[in-house]
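Okay, here's the structure, questions in a sec.
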């Protein structure tokens, strides 16, 4: 075998004093990084197999394991870093595109960390959410411009005349983004569905279709229609509370999807309506949408199919011309637009695309919200932001920039146990999330996962309330697009301009 | 240019605390301004001398069909520019300085002028007369440096300036006017830069608004108004409320009661407890007018040609008290101010959070709580 | 107050009493026992004789059992006659015991063949505590060294194992061609015989005692084969028979044992029977027969006790099973172990002394033998009881990791639920 | 009574239950010590069954109608009056294996070192048995 120059990413440190050779690590590692030697009754490790998922570390009963970064020092070089070299070694050996999972991990500015929130002092009392009502309820869908009422003359009564187009009601402005059954396990899908139901929000099927066992969560489901049209049929469309047409994904704008045949199990084949074991290929574009008017046709086809009872939205990746594209989508009849930013996740994408295509979600929200308002059509469409939301403060800043709600993907996966090792595409997720291997997928107990998801969203919602209360606001809609409550630090003039916020230190 | 200094090209909003007062004769009887001056003086604690003002309805019966524009000019240039525009768009029936007298404390003032006019609308202009006037007001306020339209309604006027309210009242000789509704305001801004136009009440068409509070939803309310054609030039919360009232009542034709429910919507949990039809109404109002929700502490009194409305925020973070005697309805920041001018009241009550007190000329009841069957 | 009378003090009687009192009943319970002792565990006598346990441990229900359970017990006073018309039981001491309900749990009696010299000193059976005590005493007093054990069944082996601790010269004579012929299959018998022989036990099969000779005490025996074996002690261990002689005239229906239905009722109203004294349904063969095993006695007693209180409990029957350890080699057998005919499918596996065999009929387990590795043998007991179709996992039955996991999931789930009374 | 419930669909076959059961029944009750220093290592009181991707931990079901109780010759197997658990008194046990013969779950084991049987004791009054407390996936539940 010729010499491999690829060096391991991680080093497995095993404390022999503590290791009792119980082999929990051996059984837990789908990558076979731990090996038991029955002759010596000892466990040893193979660093080159370790993906850094930390499953073994988490389960080791004696804390004998510690996974650290592999110390690979080449001569200091800001240009040729070990990571870059390793990619070259890998490609030199394989001749292949480097695949990866999760969102862009490169050092682009994270504007959330450069934006600060306001709080009330003296002139305006802050509100204590533990004592006062604090409302997070959010509606996604097209809104009429005004409400017409009918007054009855004889009695001083009023009746509402305006009927609202279909709306999604969110008890908190956080939803679970599209993650297909196929990219994630059934248990993971079920956990998301159950959590969404319990919280009073929505999860998104991704383009994996809807497993029959999950139809009962339909009232909290957004069903996706993507370029592969997997699993799309009238029952599917009508099962959900809303439909999302997926044009693009932040992790891989302009790129289709590919679920390898080995992951297309019998259940998935039934759900996606494709033969077992065949690759599920989602084309890069929808081949019936080559222009905005084609999109309009699809939007209305879906509305027709669901008798105009469900909001139909469109998801796009945040790309350079996102504002103009978004207004086009709004005018094409979409009830909501989902914008997935640069750091949006994926089950599998070429690393080069993931790390180099798109724009940060912060800028995208700001320019889209502003453009929609400039064109006077903001109320015609709800704006859902996605891609890299890590904490409640990211969420509240997104809302203040102009988003109606956000989708969280990676954060939800992390709540279920994901350690962001980026190996989703291997199908060997040791945490039982991004896998169809029944041995691995049962590691995700949907009871625990749903509970943890609910906890996370409840915790974030409490934090949202705290932050709102601090700003003297008791209903989330008073913050949406209210950029007065945001200030930038360490940002250039142009960034402040695009974000539509003032620099920190400047008052009203 | 004091205003330019403040506003320049930036948003510059000054939070303030205030005393507000409103009184009206249900029967439409006109009375002079000395009573409200006295009431306002009672709440001197709530002002710091940096702003005071009054709105009065029914004071120009002889010009009741014309729009009465009260203008505040920094200089003659502004006045000339404004008058050019006024005569371009309107038939100016009368143009005169607003009478005043210097007081002990108020020894200087900007140019204060009033015009009685009717719009000259082209036949192909499909705007309503009111929209035409609104656009005109916006045009002057935005385009002419040093000019500010203080009021633009019919048979009403707003008198305001830098000083304690009772001094402003004296300055404008309000004891010489008779109106059936009077609204007063004493201001306690947190900065020291004072500008006559920045004082309350704020008015547009027949609306006048006095306000005590700081709106934490200002940013989005302003963007919402902007999308609906209202340019907020003053950067005061009061301006925002005035425009919202105009938008909701005049343009969207919502009854006052529902306008109040847009500004201060019931909690979702309250809506859920309502009968279905009522719940649907309130839900739709909240969903459609989410950006018109006025959040944060405030108490306002809105005057209009046949009545006035008092309202506090959803959780009543600012005070508001209402009272009535045989003919009069009073709304005030403090009960003491009412008793100062009318010790024998028939009823005094504290309106609950978000629940409007509405008085209309000729009507007998004020508080409208459950008007939906 | 209702009067219950119980004949016998073995596990069937004990479990009936525990059931009756466990349900809170305050009926009057009278008990007649042939034993001079409070209840004790007869199977433990071999451990006592081997010196592995103290006598005290035999009294497994505690010394105060009768007091705790409110039982008026008459010791060393077995029943001699039952008058079903009058509802009276007569005891050996001539006393009359009236009852409203009677439970016959008189157990079994060791079979002593009609051979010459069986009355000689040094001839014993091995079923009671007194047997064990007498044997021990005899060994000590008479310094007996050569022991002949007649019968290579369970009792014989238990006696053998116990006596090995005494460093004696032991000969085991078995009528069949192998030891434990009723319990084990040939292979298992061979393993155990090999093991016994390793301990210097002389095993003689296909043979039996024809005559016991001696002056006052045993001195030698002649076998059917003509062989003469000098010996100092002889233990008859050729089996037990239901102890029913006192019922011969009573009208209670008897075959080899008392005939009962699934509620443990005899043909006579208010008379119940349980334990070694009855013929119980062998659920494998479908025929009734005495099955003298401890679990059968306790289960039967439990059902009888409940039904005596007016409940409606059923005992569907059981099948023979045994656990016997010989010189450190544990064995468990159940059901049919050496089936004859073509209706059976046999799986077996052997590795050293570890031996497993499973017998199927119509894809149902009807028997199993375990030698050495007896772990999880009870699973097969369950499979026999539940009559489960094992065809889907037949090939797994002998796997080292065979367990519930190979059983159909639904069955497994139900089994677990049933266990906890769901 | 409080019982251990098995959710086999969530058993991941990690055997932490078994490892912690051993430690719990060791002298020191400490994992590392129990495994590295104590001899003989105690038997786990449960069985982890595994076949393909299915697995589950099985311990004494503490049956309502426990066959081991009926089969026990010595009174070693008894039902705890308070907890209703089926417990085993090692001082009474003679190692006759009758309980092993009748236990349909196969969860009573021979402790060859001590010539007695070994079975789940629900960790003798611990608030939560060690296997349940240490199951990382709630495949075991105590309620």
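As written, the chain order gives the labels A, B, C and D, with residue 1 at the start of each chain.
Methods note: contacts are C-beta pairs under 8 Å (C-beta built on N, C-alpha and C of every residue); 3 or more make two chains touch, one makes a residue touch a chain.
Owing to the predicted nature of the structure, the values given are computational and were not obtained by experimental measurement.
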| item | value |
| --- | --- |
| Chain located farthest away, centre of subunit A as origin (C-alpha) | C |
| Distance between the centres, which are taken as Cα means, of subunit C and subunit A, whole angstrom | 69 |
| Gap in Å, rounded to a whole number, between the CA centres of subunit C and subunit B | 104 |
| Inter-centroid spacing, subunit D versus subunit B (mean Cα positions, whole Å) | 79 |
| Length of the line joining the C-alpha centres of subunit A and subunit D, rounded to whole Å | 44 |
| Chain-level touch network, classified as line, ring, star, complete or other | line |
| Every chain pair in contact, whichever chains are involved | A-B, A-D, C-D |
| Contacting residues of subunit A [partner subunit B, same complex] | 120, 123-125, 127, 132-133, 135, 137, 139, 143-149, 151-152, 155-160, 162, 164, 167, 373, 376, 378-379, 471-475, 477-485, 502, 506-508 |
| Contacting residues of subunit C [partner subunit D, same complex] | 15, 41, 43-44, 47, 52-53, 57, 60-61, 294-295, 298-299, 302, 321-323, 325, 330, 332, 334, 374-379, 381-382, 385, 401, 403-406, 415-416, 419-421 |
| Subunit C-facing residues of subunit D, complex | 3, 6, 47, 49-51, 54-56, 58, 61-65, 67, 69-71, 73-75, 92, 94-106, 108-110 |
| Subunit A-touching residues of subunit D, taken from the complex the two chains share | 7, 9-16, 19-20, 31-32, 35-36, 52-53, 134, 136-139 |
| Contact footprint of subunit D on subunit A as seen in their complex | 17-18, 20-24, 27-28, 58-59, 61-62, 432, 437-439, 442-443, 445, 447-448 |
